[in-house]
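I have a structure I would like to understand better, so I am pasting it below and will then ask my questions one at a time.
A, B and C are the chain letters, set down in written order, and residue numbers restart from 1 in every chain.
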Amino acid sequence: MIRSIAKFLPFIALLVLIPFLLPGGRLGSYYLTLLILSLSYAVAALGLTVLLGYSGQISLAQAAFFGIGAYTFSILAVNHHVGYWSAALAAVVVTTGFGLFLGAISLRLASHYLALVTIGFQIITELVLNNWNAVTDGADGISNIPRPSLFGYAITSDHGFYFVSVAVLVLASYVVFRLRHSRLGGALFALREDEIAASANGISLFRTKVLAFAVSAALAAMGGILYASGSLYISPNVFNFYQSVSFFAMALVGGQASIVGTTLGAGLITFLPEVLRFLHAYYIAVYGVLVVIVVLFMPEGLYGLLLRGVGAVATLISGRRRADEGEVVSLEAGAIPERPVASDRPLLEIRDLAKHFGGIKAVNGVSLTVNRGDVAVLIGPNGSGKTTVLNVLSGIYTATAGSIVYDGNAITNLGPTRINRLGISRTFQNIRLFPELTALENVAVGYYRRGTVGLAGALLSRPRGYREEREAMEKARETLRFLGFARLDVKAKNLPYGQQRIVEIARAIVSGPELLLLDEPAAGMNHEETEMLSQILYRIHALGVTMLLIEHDMSFVSSVATRAYVMDFGQKISEGSVKQVLSDPAVMKAYLGDDVEYA
Amino acid sequence: MFSEFIQLTIAGLAVGSIYALIALGFVLIYTSVNVVNFAQGDFAMIGAYFMVSLVVVLHLPWWLALLLAVAATGLVGALFQLLIFQPVRNRPRNFLPVMIATVGASVFLEQAFLLIYGPIPYQLPPIFKAESVAVLGVHVYPQYIVIIVVTAAMVALLNWFLERTKLGKQLQATAQDPDTARLMGIRVAWMAALTFAISTALGGLAGLLIAPVYTVTATMGSSIALKAFAAAIVGGFGSMKGAIVGGLGIGLIETYGATYISGSYRDAFPFIVLILFLIFRPYGLFGEKISQKV
Amino acid sequence: MLEVSNIQSRYGQVTALHDISLEVRAGEVVALLGVNGAGKSTTLKTISGLLHPTRGEIRFEGERIDRMAPEAIVRRGIAHVPEGRHVFPGLTVRENLIMGTSNRKVSRAETERDIEGILEIFPDLKRLYTQMGWSLSGGQQQMLAIGRGLMAKPRLLMLDEPSLGLAPVIVKQVFATIERINAQGMTVLLVEQNVNLSLKVAHRAYLLETGRIVRADTTEALRADEGFRAAMLGAGAH
């Protein structure tokens, strides 16, 4: 942690030194003004780092929040003579309120649509700023905006205010940095990578999205206040749609999820017109083309490219290779751990469950009971409705009819987050890991439901926040080790298929669920991997976890399951021990097809 | 009183037709390649400038100029697609970069035409020289009638193309399921280019139709496009019917509002409608909420 | 007719096919069998050009097609009816069928004749002619998808899980249809989970396991092999 913070020191030092490196005279003070502006932009763009880079939500309204912050502050400080810091605080609060509002709307919208809605918000804000003359002074704007005093010293010079801005930027960076490494940061990343998997791991999509918008709006407001105070004058045309696009460009150029990158991006975009000035009339056109080229052809941003270049050079010099496949999964084979005997106390009872999609009856009246300590398996041909049962059970689909009782409580249609929090966790047929997170981070997200520290806790109460982060990481490490998995710091997307399965199982069990749902855990695994998987499931079973799995591989099923249910055409056609159901003629027929002539 | 109302309604429908044409362009591109083209309004500007060149400079008859200008705008649109969308079409999560790129392209287009045509606005003569014509006994500006009639014809033509021709169906098939369309042998890349050509041609048509009412400047497209965008959301982004109804509705509300409520808030009315929709019906009039499949 | 030699295919980082070699001769029905995730569908996608192999080559009637786009491959005479049917939901049955002819230039009269031919094979579609794709039942969609594939006038028809999620009666109809179009001269490459029916309709079969071919034989031999059926039911056991 300390070392990752130390990484920022050179940049802070650079920011502090810049004013002393500027040329003197008018040019120097002009550059200083631009620097102050780019710092205010950087703070607002950091909001996008959180919103876009971390949580993957698209917003083209950052300039609107920037403007709401700037205007609220200026109206209070200039027209109503409110003190500097009170006005600033009020501005942040008001803007955050709007952020909450937009975040709340966002839940109902898919990501593309969200972008459209944020543009709508941006446009409306512009119009209100322009036309609500009584409050905003309309197109004339507001002038004579004050600068702060600190410890009794009024900061009026550009130099002084520059350092105040640097301090605010450092503070904002710290907030973003802390957020990234907190429990909530993990939730944001999970949201970006896969909403369904996130909610199946106990992360509330609503709260997380609203949080991302609120933080982003608060940072935009801080930037807006700096802007107003820095330039001493504001008018509506600063806070238009194109400024929102500029903020976006800053975040994209810098690499969406990088604090330093975004700051550099803000500087670059602000100074680019200066650099292009030699092009005279053509410079705006060239600027447009540059934006196109950067966003289309440099997906990691300029900063990302720079880092990669530096990394490549460093590797060349040191001759060090990247960590290779290395040791992978190792479970000492041999003794099968003692497995609990299934009790006759039901943990999960499904009654007459039905799920119809339009005219297609995917599940049509299925009842089954899983007792505590069972490893129940649901088998049946492709398309027989097994996965749909699991999806209804875990709250991803709502049931058309029927009821689900878990541990004595009705949980029908509760929603994935609530169901996960009750102690039911799951894996997915098509593996839904968070691809850009490491194996360890993926598993730590699974521990989310055990955490309690919220935003304030993560940012302020250091000991508890840290403790919780450490605990989640420690548990994740422990769980992966328990499953014999050692490649903790490899990104999930770079793991081979079989190992992704194991990481996904680890993510599902790290929070200590009572019931584990596994959707075709052995699919696509070779013989040895399947062997290993049986060992893993024995171990998990030995911990006392009840399981319900879907599987096609019958030899695997025979080795792990204590009870089997067979589905075909959305209905249960057989149940009993694995041996019993496999010799049931109805099951043979469902699997291999009829032996009668068809023509 | 009544005659004023008729006048306003016709003016509102005319402005609304312009919004509808541009909104249709937004929707066509969005449904086929899942990208919002923020340069859509600039194609209205391009169409208007082309019309200026053909009518004011080359003195072509207006119907020929109209056809040429619309076709040329569509060609620019296809080229635009080739440069902006084609290179990254297979990259996952390309929605955002492409969308931002279209904003960059919009900046470029506006500046480029500003440099070519200069900062002085052009005035395009109306298609019929008459000061007014009588409709239902009410005198109205003839260009409004031209706008409404041409738009209606265009919508009918578009509908015929999409519903009655094999190419139109291939366009729809590609939007519904691109991979399967490829398995059928449909050239998906061509379909995308064609979609952009049609959408931008609609934009160009909107621009040259409204040009006699306003003046032709490099930035004339952007404010029209924002309202058309609002119209598309109100109608339900992704629905062509929604784009037309939304466009006409926004046009009417703006015109009535400016006269009966407040002229200085003329530009605000479309967005007040928009914000009401965002709060109470974010998927618009005809939009459908599509949930993610597991 | 079709020769697939040592192909490897991957989705991103995941290698789905390790080493697949197979051939289909004119007039045959060849089945690809194996459990979920064995790579059957991936094999078809690689042949039809939706995926490009990272190694190996594919030849169709002597011509290399493994670098071609799907549009180009269907023009050469391979139609792929994808898993899950993928009828165009917003087009009518008739329009879906017409989309099948997108791989070639056809006159209106010829299109109508071809549609007549398809409706003879699938008389049920006649009554659904103007209904939208989404409103059809699974079995009707499957008929439509196969019919749409046939509209391309392919020389090789690839069917991916045509029985998926269909009622037994319908499954039988689908297989009877496969047998019939084969009798009329169509070469078919079939991916199926219904082992018994596949063994009945196909001449030869390949068994896939985790992206490799583990067995290739005539269907008579496989039918006679008691151990094989047991292996398919207890899939994965050796």
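Observations
To be clear about the criterion, a contact is a pair of C-beta atoms (placed from the backbone, for glycine too) under 8 Å apart; a residue touches a chain by one contact, two chains touch by 3 or more.
Predicted, not measured: the structure shown is a model, and the values here were computed from it.
A summary of chain positions shows that the Cα centroid lying nearest the centre of all protein Cα atoms is that of chain A. By number of C-beta pairs in contact, A-C leads over the other of A-C and B-C. The greatest centre-to-centre gap from chain C, using C-alpha centroids, is found for B. Computed from the mean C-alpha positions, the centre of chain A lies at a distance of 36 Å from the centre of chain B.
Chain A and chain C have Cα centroids separated by 39 Å.
Centre to centre, using the average C-alpha position, chain B and chain C are separated by 43 Å. Contact residues of chain C toward chain A in the complex are 12-16, 35-38, 134-135, 137-138, 161, 163-168, 171-173, 175-176, 179, 193-197, 200, 209-210, 229, 232-238. On chain B, the positions that touch chain C within their shared complex are 166, 169-170, 172-173, 176-177, 179-188. Note for the complex: chain B touches chain A at residues 30, 34, 36, 84, 87-88, 91, 95-101, 103-109, 111-112, 115, 226, 229-230, 233, 237, 264-265, 267-268, 271-272, 274-275, 278-279, 282-283, 289-290, 292, 294. Interface residues of chain C facing chain B in the complex, by the touch rule stated above, are 48-50, 69-71, 74-75, 79-80, 82, 86, 88-91, 95, 98-100, 102-104, 148, 152.
Of all the residues in chain A, the ones that touch chain B in their complex are 52, 58, 105, 108-113, 115-117, 119-121, 123-124, 127, 131, 195-196, 241-242, 245, 248-249, 252, 281-282, 284-285, 287-292, 295-297, 299, 387, 391, 396-397, 428.
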